[in-house]
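For reference, chains read A, B and C in written order, and residue numbers begin at 1 within each chain.
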Amino acid sequence: MTLDEIKSGFDAIDEGPHLSESSTISLAGEISDPASHPSVAALLGRFGDAILHHRVSSGTQHVVWIDPSCNLEILRWLRDDPDQRYDMISDLTAVDYGAGRPINVVYQLFSTVYKRALRLRCELPLDGLEIDSIVELWSAANWLEREVYDLFGVTFRKHPDLRRILMPHDYEEGYPLRKDFPLRGRFSRAEQTRRALNQAVEHSYIAEEMELGRDPQQATPVNGTQEGDAEREVR
Amino acid sequence: MGLRDVLPGGGTSSVTGGMFGDGSPAFLTSKIDWIINWSRRNSLWPMPFGTACCAIEMMASAASNYDLARFGMERMSFSPRQADVLICAGRVPYKLAPVLRRIWDQMPQPKWCVSMGACASSGGVFDVYSMVQGIDTIIPVDVYVPGCPPRPEGLIYGLMMIQEKIREESLARHFEHRAEDPNTVARPHANDAQVRGLSGPFGNSTQQEELSTKELGADIASSEDLIP
Amino acid sequence: MSSRTVEYTVGRNPEMGVDGSVARSPLLPFDIPEPSLDTENMLINIGPQHPATHGVLRLVCELDGETVKRVIPHIGYLHSSFEKLGEYRTWNQIVTLTDRIDYLAPLIYNCAYVMTVEKLMEIEVTERCKVVRVICMEMDRIFSHLLWLGTTAIDVGAVTPFLYAFQERERIYKLHEAFTGARITTSATRVGGMMADLPEGWTDGLQNFIDTFLNTLDEIDCLLTRNQIHIGRSQGVGAISAEDAINSGFTGPNLRASGVDYDVRKDQPYYDYETYDFEIPVGQHGDCYDRYLCRMEEMRQSISLLRQALDRLPDGPIDVEDPNISLPSKTDCMSDMESMIHHFKLITEGIPAPEGDCYMAIEGSKGELGMYIVAEEGGTKPVRWRIRPPSFVNLSVLPKLAEEHLLSDLIMINASLDIVLGEIDR
């Protein structure tokens, strides 16, 4: 095999998914009767215009697209209404379809009372990646939203503690799970190693940084940096 | 045929140089060496730096079926100040790298390092933005144990290799054994061009400064441009 | 010279000391005035390298003496970006990644992932495959709980249960190895079936394990359940109410210990779990001791489930008989052209998926393990593979649980949550 053939074979391994050009890829699924899921029917009845779209995916799973500006109101109603009672948030995540398409924030709810599950999605344009935080409804959303912020760059308004959770606090290569982020990162390995070794190991456990006495539930600056970073040890 | 035949030195405890000059059979120093090395290798206190799946196999090695206590290693020292051999078991992301470095620095000499598993040795399955591609980019490693995860027998073989390495040490070469300067210890023996040639197309080595991203529209002229 | 007496109570346990009455120490100097101490809270950093954090977890604690005022967990020290890696792998290639996420119960993750893909593709697996997967999942539930038991006991100072638990785990390692070839990184499932059928004699090995495991569990039970030290360290420690637990996203034995009988196997059943006869242990107080009891009883229930599954294990094919999904047998590939082409396409390209997304939750050993997969039409790799890790949400509750407890209680609470950092950091 020539070098070119070897290269093209290995390219296939390294490349990510080739996404279709269809603009409706994110609104995927079959159309089904909304009445087959009681919550969907109720949502359509109560919130009419805020419900943008409804599909059934994988045969039985109902997905509802809602207007991002109403997410708090709709989710609050879903949690509190006696016929809905979605008391558990199973999952909160985001999907990036790439190629400039909007990022979808996905809420997966479950009701332990009625044993029903429902999935809601909010589409956020890439130049407006902001949505209200739902930590006041379910405290499980605290870390789940931090993770979405860390990996996708979606800002959650009024989140008590929005900062990076999985990546180092001062990670500068971007938001890893976006489709335009390469698998191996944006810096060379040598640069990544240098930055790693120059991290301050004692970050965020020096008293001045912890700001003793500060209520951790207070809002912190959204850009995620801690005030008063300790001196970096340069090796 | 055993470890002794393949290790440098051939398993003899000859000491070149020593108190009595070059090449002379330094009987007294070799006896001292023998005692010191015997006591060091049979009472190694491992520092288990376990992160992921390999840590579970390390725990299984320490448990009763594969018993590390018969090697004198049951006293897992979680404080680096009292440890001899750092067993890095599991994948190490860049966020954890300074912690590993700090733990290694806190260990007093003489110290050795075992890189257990594919992830610690080379990054393993994880050639991604967050994973250190082999802890030998952070700390000097003495023995690499391949496997994903290595069986407890594999880890034990690796620890026995450390023991053999200690058997070959000598006081006369003390500074050579305990050297830690990152510019001289654990550098690749190949030159930069050879390293670049070897590491493409699966990803660049940590010794390279090239970016991981392919420049859009660049000509594919050499193997390093393939790095996606 | 003024005299000052120092009074303190001798122990709270009536068996120690003099029936709880106030005692005076004759040794304490009573003529030195006690200085007024102006204390400030102390910051302690636990981890990320620490024997008791069960992985690379960093806990930053603000302590007032020994009392924890605030604890902030920091994670991300094992972030291996499985989710991004999954976007570069075909559906079957991702199975090998799933072992490494929760390395304590790899078969559960293998099964959870392929179950989600099969739900997305609307593939129905064979009856034999369902029962074999139930066997794998219940066996790994015991596997994971045994490690939890050993490490929790060792955190509170009991070394013997650790050795007993690991000896039992060795027997499960042997079963893993006999079936899949590897002890931990099993990669046993494939979309539409399993990597291979059970080898001959494997069910005898499993039967042997089922028959003798409860003896060891009884021994460990004997060592820990009515042990005053263990009870003293775990009762009343880290309690959480049922409403708080549900709202905070607790799932699994942690949630059931608080009195909520939510188990995915009962509430969103899969693989005929509604036809098996088993109970869900539910606690009352939501403290560490109840979590311990829930997990011990879950191991017994898993043994009962394994017995039932072995009894009903049907014969038949283990893979779906569709050559577009499962690999054809090697003999077919060598003799039949179409099988060869199917084999080639499955290996080089993969299985094409329908457009859509799918969230499937199963009862993992730590809690509700969910996988969310988004696929595009004809896609052989996922657009998005999301793992809903139970330990991630469970750990986020730690600050609430540990407030106003002692530092040693923090260690116990952390251990009782049964977290695995591979799953938290992914």
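By definition in this document, a contact is a pair of C-beta atoms (placed from the backbone, for glycine too) under 8 Å apart; a residue touches a chain by one contact, two chains touch by 3 or more.
Since this is a predicted model, take the numbers as computed values, not measurements.
Distance from the centre of chain A peaks at B, each centre being the average of the chain's Cα atoms. Among the chain pairings, A-C comes first (most C-beta pairs in contact).
Taking the mean of each chain's C-alpha atoms as its centre, the chain lying closest to the overall protein C-alpha centroid is C. Note: centroid distance chain A to chain C, computed from Cα atoms, is 24 Å.
Here the CA centre of chain A is 39 Å from the CA centre of chain B.
Centre-to-centre, using mean CA coordinates, chain B is 32 Å away from chain C.
Those residues of chain A in touch with two or more other chains are numbered 14-15, 167-168, 176, 181, 183.
Multi-chain contact residues of chain B, defined as those touching 2 or more other chains: 95, 99, 128-130.
Taken residue by residue, chain C touches two or more other chains at 76, 79, 81, 84-85, 425, whereas all remaining positions touch fewer. Listed in rising order, the residues of chain A touching chain C in the complex are 13-17, 19-20, 25, 28-29, 55, 57-59, 61, 63, 87-91, 93, 95-97, 106, 108, 110, 112, 115, 117, 119, 138-140, 142-144, 147, 151, 164-168, 176-177, 181, 183, 202, 204-207, 210, 212, 216. Within the complex formed with chain A, the residues of chain B that make contact are 94-95, 97-99, 101-102, 127-130, 132-133, 137-138, 201-214, 220, 226-228. Those residues of chain A that touch chain B in the complex are listed here as 6-7, 10-11, 14-15, 167-168, 173, 176, 181-193, 195-199, 201, 235.
Within the complex, the chain B residues that touch chain C are 49, 51-53, 55-57, 59-60, 63-65, 76, 78, 90-91, 93, 95-96, 99-100, 103, 125-126, 128-131, 148-149, 151. Taken in their complex, chain C has these residues touching chain B: 48-51, 55-56, 76-81, 84-85, 96-97, 99-100, 103-104, 147, 162-163, 166-167, 169-170, 173, 183-185, 421-422, 425.
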